[in-house]
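In what follows, subunit A forms one complex with subunit B and a second complex with subunit C.
Coming up: the complex of A and B.
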């Protein structure tokens, strides 16, 4: 078994927290290894709203979280311009909210709390709200404008990983943490399994960071440490197009299905909150009850959702640190928990970073990196709040798409939106490179080739996270063979084509099944016909 | 489950089956054009996200609506494209496009000076100049203008006698019959009178607006649409249904008014009849009786215009023509002729326009009919120019095949 000792820090988990920590550590000059058992952003990072919180949601009950949010909100706007969209947000009050104690008095308290937390919150009239966001429930009685936005978590995570790698970090995806290498009370490194080759390996570093989200519970357990985590499942629905262009929240105590976020070419409603056993965290299914609940609440925010096509449903698990006294999980602070296990548990060389949320990943990474540096005796300062991420040096579609020569095609504009200022790396050398592979999301062959060559893609799911291939209306029905062929060729094994496509469609099917009616059911039928076609009868039989 | 099973957003009903792409005549001939699926429902999702995703290539859509006919999901693909052009194309229309589109502003001027206009427009140097200056393709044969418009003729020679009939209809003649080819309108009056219908004009008839919509002059088109609708309502309340002859005008009045111009026509729709549909029903039900000329014979090929395909009324034309004893009617394959109104006149579209029409021209050459029967005026220009075979409107064919005198006597009883 190979043993590698060249690292200062090993980070377990390729979600946004691990990616951010890898970037921060690498920028501070540490030799970093990041291990992730699947692809990056496959856990909670890729399974949420993609809401760029203003913090307003937490203003009344958790001012600390609210302040963290608005600070990080401002930072992300400047360092991750390619990953965020400044949609603005509304907190609306509906007539029925007034009946349940969340009327305009509550709105006043809400605005005061926001302003106290440093969040620019302004009440506007129902008419102004309808003008600002025409899809909003027209019966609203009040609205507050807040600096919410949307963030693409895949893109944000990938940008952090890319930057970490550019600063020398080694990134190992599809590499599963098996156990620690331990000597007495000191963690010396990790034993891992390459899930694709089946080969085991060991890596050593003076510090290991547990950034495995909800799975961090299990990682810590391998060190004999208990972190009381609370797996709270959150289900979401993806609608077929941008229904709203401004985030719509409900101005009341947090409840199920009260946030509607426009992200990229779709709109997402979420979320629910259900306690689930740890065993279920790897395989989330959205239940019919969750779908009904999200639809009911979603329609209260935006009535047209009742007649908008739903592409799919998905669910993630929030890595909350449990408070045993509250069974619902709602009143838990989404605060950051950074544990130095030497002081907490007497285990040296081991740090856990958990709790928190997508919005505060950078701050979490900073805290974790500070802890790592303390252990290593380093005292370099954190620069992640000032340094733009790759792709976001100038991330606006309008400016980035000007980088192409001549007339800019739809595929190029879309790629500019996704890859930001890195889009210059796409090579449009031939007519084939210009061709769209995925027509719903305008993904060209050039973008696929770029993602495969530079962004560490080995499956179509990986490719989807980096390019949106197959994420549109047809959910891959029309494009996935083309994408599979391109990917198989790039991977050097054309025979993989069928398997790559089948794996992808299985995963899409799962999300579609939960909302399998109407247009989506027709799409599923069509997908079946295209991929599982069997001649139903022969003329002789009739 | 949702309140409504099928999305209320028409573009979301697209299953991405791509059938529309197989019938799009432009996609097959112009690689610059993304095709109906991408320009329509696919593009719509991205345009809703950000207007920057409006693609200039949408201008290549000739609005033949074959995609809509093919779509198994009922997506109004061509309307999505037209609507996007209306919403996002911020470039003001060119002088040429305004001239082509303003059929009822250009018409009176051109008619007044018809001999000079027709002579000039036939001259190679003039055509060369128009090509270079405003981009009107010099290879195109330009439509002739008539020195006496139909309306003038009607008021002088026919209007007075119309009240004497028992039954009455209003006639929406359209710009073509008025300015370019009054004979068609005269034939219409003759046929309708023979069947016992008095023909009346629509008050202040305006151009249907199809060319204005295609060329981005939406405000003018909407203004005209409202005037037309008011006139239609007046006519209907006087007990006169509207009869149309042009398939494109008809499609515009029926479909584009509510969809693109947001001019409601719900109360009027059922009273607008394409002449072939009206006459077929009247003859088939025994309401009117035709007397055909002895020994009339013809061998004709029927070309169904794209907008007739969209309306789905072509069957009335073929069945009506087949009623004529001595008519041998060959139905041509369903193909676009390529001109699509003002589209084929534009220099940048000429080549694609002719390539699109090629299968139709070849088939006509192979069939070698005496003439082509077709309801559409712009198809007529294109087919006559490209094949040399004459194109006759079914109304003119009827006017020729009917014994008008005897028909008139039989139906006035």
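Coming up: the complex of A and C.
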């Protein structure tokens, strides 16, 4: 078995926290290895709202989280402009909220708390709210404007991974953590399995960082360490078009299904919160009860959702952590938890970074990297808050589009929006390269080739996370054969086409089954027909 | 307007039945929604003297004493389409011959009895490639006639994919669809 000693730090987990930590460590000059058992952003990172929180949601109950959020909100707007859409947000008050004690008095307290936390919150009239967001429930009695936005978590994670690699980090996806290499009370590295080749390997480094989200519970357990994690499932629904242009929240105590976020060509409602057993975290199904609840609450924010086709349902698991000081495990924190296991558990060379949320990933990465540097005796300063991510250095579509010769096509413009200033790497050498493979999201063959060559894509799900292939209205119904063919060719093995398409269709089917009625069921019948009906009707037979 | 047979739906099932019936001398009308793969057969039907209500759709019907006596369409307004016999060839979900709610599947025009699984979690197989139970749902029949509240509607013949057990989304069902249409044609001619 090969033994590799070339690293300063090993990071377990390729979600946004691990990706951010890899970037930060690499920017501070450390030799980094990141291992991820699936693709990047496959856990909670890719299974949330994609909401760029203003922090307003936390202003009243947790001012520390609110302050963290608004600080990171401003930082992300400057370093990750290509991953963010400045939609703005509304917190609305409905007549029934007033009846349950969350009327306009509550709104006043809410605004005060926001302003105290540094969040620019301003009350507007119901008329102004309806003008700003025509889809909002017209019976609202009050509204507050906050600096919410939407963020593409796939793109954000990919940008962090790309930048880490540009700073020398080694990124191994489809590489599963099996166990630690340990000597006495010191962690010396990790034993891993390449899930595609079945080969095992060992990697050594003076520090290992556990950034595996909810699965970090199991990683720590391999070191004999208990982290009191609380797997909280959150379910969400995606609607078939962009119903709203502004994030809509309910101005009341946080509850299920009270945030509606527009993102690219769709709208997402969420979320719920249910404790689930660890065994379920690998394969979560959205239940009919969760779907009903999300629909009911979503319609309260935006009544037209009732007649909008639901594309799919999905769920993620928040890696919440019980407070160490509370042995019952009931006191749950949503804040960031950075554990130095030497001081906490007497295990050297091991750090866990968990808790937190998508919004605060950069801060989490900074704290984890600080802990790593302390252990290594390094004292380089963190620069991730000031240094733009690849794609966002100058991501304005006008600038980026200048990189193309002649008239800029729809596919090129969309690619510029997705890949930002890295779009110059796309090669439009032939007419075929300019052709659209996915017509919902305007993905060209050139972008697919780029994703394979530069972004480590090996499946259609990987491709979807990098380019939005199959993420739009038709959910891949009309493009996935084309995309599978293009991907198989780009991977250099045309015989993969069928397998790539089948894996993708099963994944989509899972998301659709949970919402399989009405227009979604019509789409499901159509999808079955497209892929299973081989012989078209012949007019001569009639 | 009075016809011998009114056919609801202008797909493979509806046009097969309409063409056969019209050419055997019965006066037929087909109510067919918008664009279709079956424009060629629709032209043939018109040439044989059939009445084609293209781009219209049936919205409700009048069932009296166990018989369907007439149907109303979107465009004809109060004018009722009457006939001795009716063929329901409205298809499955995509063409809205069947409508699925969160907890039930129903036939939207006449409220006919539908065979389906009440537990929605059993409508689908987890694997996309496997046979999907929801594609087998459809209206119930007794001796070719549609059932409403367990009783046959004496002159209403469902044919094609609106029927339970027939779906072209799960593979080639051309033969089944044509045979169901021809069986109804035979029964109507016999009457």
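Keep this in mind: the second predicted complex is superposed on the first by the 519 of 542 C-alpha atoms of A that agree within 3 Å, B and C clash if a C-alpha of one lies under 4 Å from a C-alpha of the other, contacts with A are read in each partner's own complex, and residues count from 1 in each chain.
Following the convention adopted for this analysis, a contact is a pair of C-beta atoms (placed from the backbone, for glycine too) under 8 Å apart; a residue touches a chain by one contact, two chains touch by 3 or more.
Bear in mind that the values here come from a model prediction, so they are computed numbers and not experimental data.
Novice: With the two structures laid over each other on chain A, which partner does A:440 touch: subunit B (first), subunit C (second), both, or neither?
Specialist: The answer is first: A:440 touches subunit B but not subunit C.
Novice: Which of the two partners, first being subunit B and second being subunit C, lies in contact with A:474: first, second, both, or neither?
Specialist: It touches subunit B, and subunit C stays clear.
Novice: Quick one: classify A:222 as touching subunit B (first), subunit C (second), both or neither.
Specialist: neither
Novice: According to the stated criteria, A:517 is in contact with first (subunit B), second (subunit C), both, or neither; which is it?
Specialist: Both partners, subunit B and subunit C.
Novice: For A:241, select first, second, both or neither according to whether it touches subunit B, subunit C, the two together, or no partner.
Specialist: After superposing on A, A:241 lies in contact with subunit B but is clear of subunit C.
Novice: State whether A:61 touches subunit B only (first), subunit C only (second), both chains, or neither.
Specialist: Neither partner.
Novice: Give one of first, second, both or neither to describe whether A:532 is in contact with subunit B, with subunit C, with both, or with none.
Specialist: second
Novice: Let me test your reading of the model: by the given contact rule, A:309 touches which partner, first (subunit B), second (subunit C), both or neither?
Specialist: Once the two structures are laid over each other on A, A:309 reaches subunit B alone.
Novice: Looking at A:167, would you say it contacts subunit B, subunit C, both, or neither? Reply first, second, both or neither.
Specialist: neither
Novice: Taking the contacts subunit A makes with subunit B in one complex and with subunit C in the other, which residues are shared?
Specialist: Touching subunit B in the first complex and subunit C in the second, residues 292, 517-518, 522, 526 of subunit A appear in both lists.
Novice: Okay, in this complex, where on subunit A does subunit C touch?
Specialist: These residues of subunit A touch subunit C: 288, 291-292, 502, 505-506, 508-510, 513, 516-518, 521-522, 524-529, 531-539, 541-542.
Novice: Residues of subunit A touching subunit B in their complex?
Specialist: 240-242, 264-265, 292, 295, 299, 304, 306-310, 397-398, 401, 407, 409-410, 413-414, 417, 436, 439-440, 442, 472-474, 477-478, 517-519, 522-523, 526
Novice: Give every residue of subunit C touching subunit A within the complex, in rising order.
Specialist: Its residues touching subunit A are 12, 15-16, 19, 37-38, 40-41, 44, 92-94, 96, 99-102, 120-121, 123-124, 126-129, 132, 134-135, 167-172, 174, 178.
Novice: Provide the residue numbers of subunit B that touch subunit A in the complex, in ascending order.
Specialist: Against subunit A, subunit B makes touches at 1-9, 11-18, 34, 37-38, 41-46, 48-50, 52-53, 55-56, 73.
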